[in-house]
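First chain written, first letter: the chains are A, B, C, D, E and F, and each begins at residue 1.
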Amino acid sequence: MTPNDFCSIIERIAPKSLALDYDNVGLLICPEKNEIKKVLVALDLTVPVAEEAVSGNYDLVLTHHPIFFDAVKSISPETYETAAAYKLIRHGIGHYAAHTNLDACIGGVNDVLCELFLLSDVRPIPPENLGRIGLLPKPMPFSDFCILCEKILNVKGRFCGDPKRIVRSIGMIGGAGGSDVQAAFDAGCDVLLTGEMKHNQALLSEHLGLNCCVMGHYETEFPVLKPLISRLQNENNDVQYVLTHSGRAPLRCL
Amino acid sequence: MTPNDFCSIIERIAPKSLALDYDNVGLLICPEKNEIKKVLVALDLTVPVAEEAVSGNYDLVLTHHPIFFDAVKSISPETYETAAAYKLIRHGIGHYAAHTNLDACIGGVNDVLCELFLLSDVRPIPPENLGRIGLLPKPMPFSDFCILCEKILNVKGRFCGDPKRIVRSIGMIGGAGGSDVQAAFDAGCDVLLTGEMKHNQALLSEHLGLNCCVMGHYETEFPVLKPLISRLQNENNDVQYVLTHSGRAPLRCL
Amino acid sequence: MTPNDFCSIIERIAPKSLALDYDNVGLLICPEKNEIKKVLVALDLTVPVAEEAVSGNYDLVLTHHPIFFDAVKSISPETYETAAAYKLIRHGIGHYAAHTNLDACIGGVNDVLCELFLLSDVRPIPPENLGRIGLLPKPMPFSDFCILCEKILNVKGRFCGDPKRIVRSIGMIGGAGGSDVQAAFDAGCDVLLTGEMKHNQALLSEHLGLNCCVMGHYETEFPVLKPLISRLQNENNDVQYVLTHSGRAPLRCL
Amino acid sequence: MTPNDFCSIIERIAPKSLALDYDNVGLLICPEKNEIKKVLVALDLTVPVAEEAVSGNYDLVLTHHPIFFDAVKSISPETYETAAAYKLIRHGIGHYAAHTNLDACIGGVNDVLCELFLLSDVRPIPPENLGRIGLLPKPMPFSDFCILCEKILNVKGRFCGDPKRIVRSIGMIGGAGGSDVQAAFDAGCDVLLTGEMKHNQALLSEHLGLNCCVMGHYETEFPVLKPLISRLQNENNDVQYVLTHSGRAPLRCL
Amino acid sequence: MTPNDFCSIIERIAPKSLALDYDNVGLLICPEKNEIKKVLVALDLTVPVAEEAVSGNYDLVLTHHPIFFDAVKSISPETYETAAAYKLIRHGIGHYAAHTNLDACIGGVNDVLCELFLLSDVRPIPPENLGRIGLLPKPMPFSDFCILCEKILNVKGRFCGDPKRIVRSIGMIGGAGGSDVQAAFDAGCDVLLTGEMKHNQALLSEHLGLNCCVMGHYETEFPVLKPLISRLQNENNDVQYVLTHSGRAPLRCL
Amino acid sequence: MTPNDFCSIIERIAPKSLALDYDNVGLLICPEKNEIKKVLVALDLTVPVAEEAVSGNYDLVLTHHPIFFDAVKSISPETYETAAAYKLIRHGIGHYAAHTNLDACIGGVNDVLCELFLLSDVRPIPPENLGRIGLLPKPMPFSDFCILCEKILNVKGRFCGDPKRIVRSIGMIGGAGGSDVQAAFDAGCDVLLTGEMKHNQALLSEHLGLNCCVMGHYETEFPVLKPLISRLQNENNDVQYVLTHSGRAPLRCL
């Protein structure tokens, strides 16, 4: 598979046109060789992920978060912003980022969250259409939904809103969805499940009466990786797609 | 006590000149009467806090976070940004905000955190000098410090870094301190204890080897309120300073 | 009548879509009660107008000029920009502003001026379409028209251009119309009647040969109020619309 | 006298360093000849003034208001912004503007106003120091002062404030001084006498209790011209300084 | 011919709508008289060209490069930016500039270059469509093309790229075309012939493998003048169009 | 020698504080190894220079022009802006740029030009102090100086100004010095020798009467390299500094 072949495949899944304007997506580091046999898949291009790519003889690292989100004017193996990029280039390995386009696409970050919770009637949350809203199989008290969240995502969360309220329509915005509180409310969500929420965004949720489950940036984006690998693998069995064993949530409960 | 008297007293504690440029601090809503007898103290000027001020016949609400952080061109009892302000003005009650100046001042948000953890050799973290760095009474493994954090602040946290690392110098930045990861590292912190941290700020911490404890925005700012009330009360016993019973963390653990 | 009912009625007369981009129009302060029985009407929301609204038990003040033309970050009963707003909110009274939409709408500020002068063939002055151009019943020397202006508007004016010139097509731009001198000339006006004109705008008028009558900001906008009240009153007789007795031109002749 | 000589003389009277940042002052059109024998003096460089300069064989036109206040990308004898400039250049005549530096300088626009009203203890109004504040020989009711204004400046004015108030300290800001209402009030003026004031500036004056006399832009700047000519003439009797007979207020009472 | 007649004629040849947004084209200085009998044609409105216009009793100077490319706030016979303009206005002579519209138009700067080299299949270079691409009558080594360039344009050039490469499709961008290296390459040019190219633009050409001939700004624009004069002369024989004898390349070989 | 050692040495010669604000200088790509034994020196970091660095086992490439002059958000071996950087990083080779600081420093680009022409009384040209002005050993006609230029720099140039004028004070600005025509004239230069000059800069030179020699960007900067290598070599004989054999002027005469 050439790099161009890979781009065609991933962009059929997560078209670049779905990415938000400010984003930096696509083939951000070209691999040196024109043949790609092994692709490492992770949420973040950290130094440990880059080292795993080197030691495992990968040709490409596919991540959700882009390297070079801000443009750079120098490259060093020491600096946080460029260390992993340095290591990849040093070994001829490429880097592809599918970020907000992977949030927004069919079968992407937020659709996978919906599937985990068995939501039905799933549709995008306007106006950005990154997130999703769908219905639980049956209504339940918010306190029960919180327990379900921690069980399904296997992490302790933080929650906002009345535990006794019966909820059914759930908004799913993996990652930093706190800026979409108003959008989720306007779309009719009883609950917004997301990864990160700032203090004043939580106060807005309380004011609106939108219940929220804040489960961690990593924990709400990680679930997309395995289904994504399956879809990519299905396209082409000569290429090996591997989920990183170096990735983990940077912020963890005790 | 006149409103001017109150301003003089609080500004001796938290001088407005310490506030960051972008901030909006001071007497943001004038009380109608020229005599202040009861002051309600809270982190946020939410609608429940405003309602408590009304029902309790308070003359002024003193909070950490300002109303009108962004300027407004209309005022309504329904809109999140202005609802509490509407209620206060409607009843002639004033609002005073001490925000980044209360972070930065002696005995402020971050000094109180240092006291809770019995830190010594406390000094500001440059360049903004809002946060503090100080030394634990004795070094301990990071995992022990994490347990201590949850005990002292009485909340579950999220943590980043090697649990076995022996730590002693602790950076304290109540509220949203994630943007100061590099500053805390440069100042020599082994650990940064703060309220909020975004995903890529946590990745930067991991890269730098700066351990972090992320304990909640509310939970890391709330401790300042009682000592602040004591200091204000000491100045003048004709005035009654009361800690709100309507405030609580908007994001809570199960 | 609910506040929403009122908005529907006034916006049928002066649609918000007619307002210029920079403007701040609509329900800028929500009334506390959901029923509106008495509406005070004025050009400006000054402190005396607000006091009249309080003492007269009005539910809403409708003015031409908006409060909060510039956004605010604090509210005080002392400050010019917020004093009247404070007083209204303090008493649960609302404020609605119809500004450039009332200039531009059918039957608005400038149409009423045209009616006062019995103009025919009235049409908007492009490109903003706030002002109007129309024809006098018969041509007359500009000096006669100036005398007519002072008589009809009952105020001394200032005038620019040749007194002997025979004029017929009159441009009407109530308020500060000096920035539209070129537009009025291009539209074919012999005369521009307006409220305010800066020195260099008057020099431009002289250069173009556009005669001008500058009659005062207040005096050229005030005439719209009575017809506006009549139209509003006709919609609903359960509500009482009253013209303020506290409003007057801030700048007056001896 | 060379153009450079002229610049030295006028800039000793009205140093360019006193001009505000946005202003455009100095020798804006170079005269063709290196010898200046006749200088025409006016407030504005209008086409009639330029024509007088041509027919009178002047070498230079000195005005208060600059041509090219906004920069130009084309020059035409028809366009308002460039017509007079075209005529001067066409005949080799120069143009010098002393604008806000002539407002601010000793013996400038505002000092001359103070002298007309026999004010004592005259000092600049901070922070721009263009205007002046001084004391009347004796206090008088504002209504008397208004009559005095119309008599001294020989024009009908518009007035704001309580006619019965006894006034003594007068702020003088020739031209468009309405933006300095707050500054004049802060400086302790009982009255602000100026040329132009916008509607909302007049409302601010009323709110502050600052009485105002608005006498016309031209009428409040014209008085400086004769004393300025005397001072210039005293420097050099080989040059002839002449007050234009083509200038007049563009806006006039009936 | 009136100035308006002239504008109509030249704008049929080089429509103003073809000019780039940042450009300043059209009748930048109005001639004093309403009848145009003699037009001087040049690339630049320099002082010698203006002097030739004066001594030759021209009514208008038509140039490629506009005077007042940057807006001015003063005019002097000494300053580079305004000296020639001063001289023209001083003598009532007008100035018309046809700049990027003359590059882009049919029969303009770049079409004339194509004709000189007998190119066929000529079409615009997207996206700006100022330049042209066309085919040589037959392919030749780049070294031969370089010799041809120096012969046809009668000037020594500078060249970039492999002398042995066989070239046929030539991009023509008179004047400063270095910023269009990528556009010329994308359009399929073997060679870009232009007037000016900066160092890093030449490095980009080398990187892309786009051969370049850099022949001088003046030398690549001058050829349009004679055909342009012919076309204008054909429209109207009562007017005399004359090519300046004061123009020459400011930068010349030994 | 460590990379830090190298930085110290080069920055004693060309202090980073001398670089202009917009510039990007210093260690732009970190070498992988901490020991530097071979340094390749060139004007530009082109792909051929990078390939020479790879094949010659260099540890660092020192150039005048920086890679990443504009910040980048992706890195590819194909793209002009990043191809050479890719190749260096791929092989662990570093890149150091000394740009405007090497122009400005003692013994830098412009001082070396002065030495080539045996100028005396050499001093910086204000205000940027990148260029130099100095005196020829004896005055000569400009035509003789032009011949001398071509001989000393071994390239054909372009020239502006009167060949017969006797010149002595020469301004030296290697590279793109056309924007400093006015500065060179103000500093008292008879002649400005530089590498690149745009058409309107040449017209300004003609207007001012400043003679110019435009000799090529590369040709006026290349002379600094050998003396720079000597100075670096003198500091440390364990390191090998080598002048690239892959560099050459991108634009060349026939």
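Criterion: a residue touches a chain if its C-beta (ideal position, glycine included) is under 8 Å from a C-beta of that chain, and two chains touch if they have at least 3 such contacts.
Predicted model only: the values in this text are computed from it and were never measured.
Engineer: Could you tell me which chains are in contact with chain E and with chain F alike?
Structural biologist: Touching chain E as well as chain F, we find no chain at all.
Engineer: Both chain B and chain D are touched by which chains?
Structural biologist: Per touch definition, common to chain B and chain D: C.
Engineer: Tell me which of A-F, B-C or C-D has the interface of E-F again, with more than half the contact pairs shared?
Structural biologist: Most of the E-F contacts reappear at C-D.
Engineer: Between chain A and chain F, two touching copies, which fits better, same or different residues at the interface, with half of the numbers shared as the threshold?
Structural biologist: Same-residue interface.
Engineer: Have a look at C-D versus B-C and report the one with more C-beta pairs in contact.
Structural biologist: Counting C-beta pairs in contact, C-D comes out ahead.
Engineer: Quick one: report the Å distance separating chain A from chain B, using the average Cα coordinate of each chain.
Structural biologist: That pair's centroid distance is 31 Å.
Engineer: State, to the nearest whole Å, the distance from the C-alpha centre of chain A to the C-alpha centre of chain D.
Structural biologist: Comparing mean C-alpha positions, chain D is 66 Å from chain A.
Engineer: What is the distance in Å between the mean C-alpha positions of chain D and chain E?
Structural biologist: Averaging C-alpha atoms per chain gives centres 47 Å apart.
Engineer: Taking the contact definition as given, in what order do you meet the chains if you travel the ring from chain E through chain F?
Structural biologist: Beginning with chain E, then chain F, the ring reads E, F, A, B, C, D.
Engineer: If you look only at chain A, which of its residues touch chain F in the complex?
Structural biologist: Within the complex, chain A contacts chain F at residues 24, 26-30, 32, 68, 71-78, 85-86, 89-90, 92.
Engineer: Looking at the complex, which residues from chain A come into contact with chain B?
Structural biologist: Within the complex, chain A contacts chain B at residues 44, 46-47, 65, 69, 80, 83, 143, 146-147, 150, 156-160, 175-176, 195-200, 202-208, 212, 214, 216-218, 250-254.
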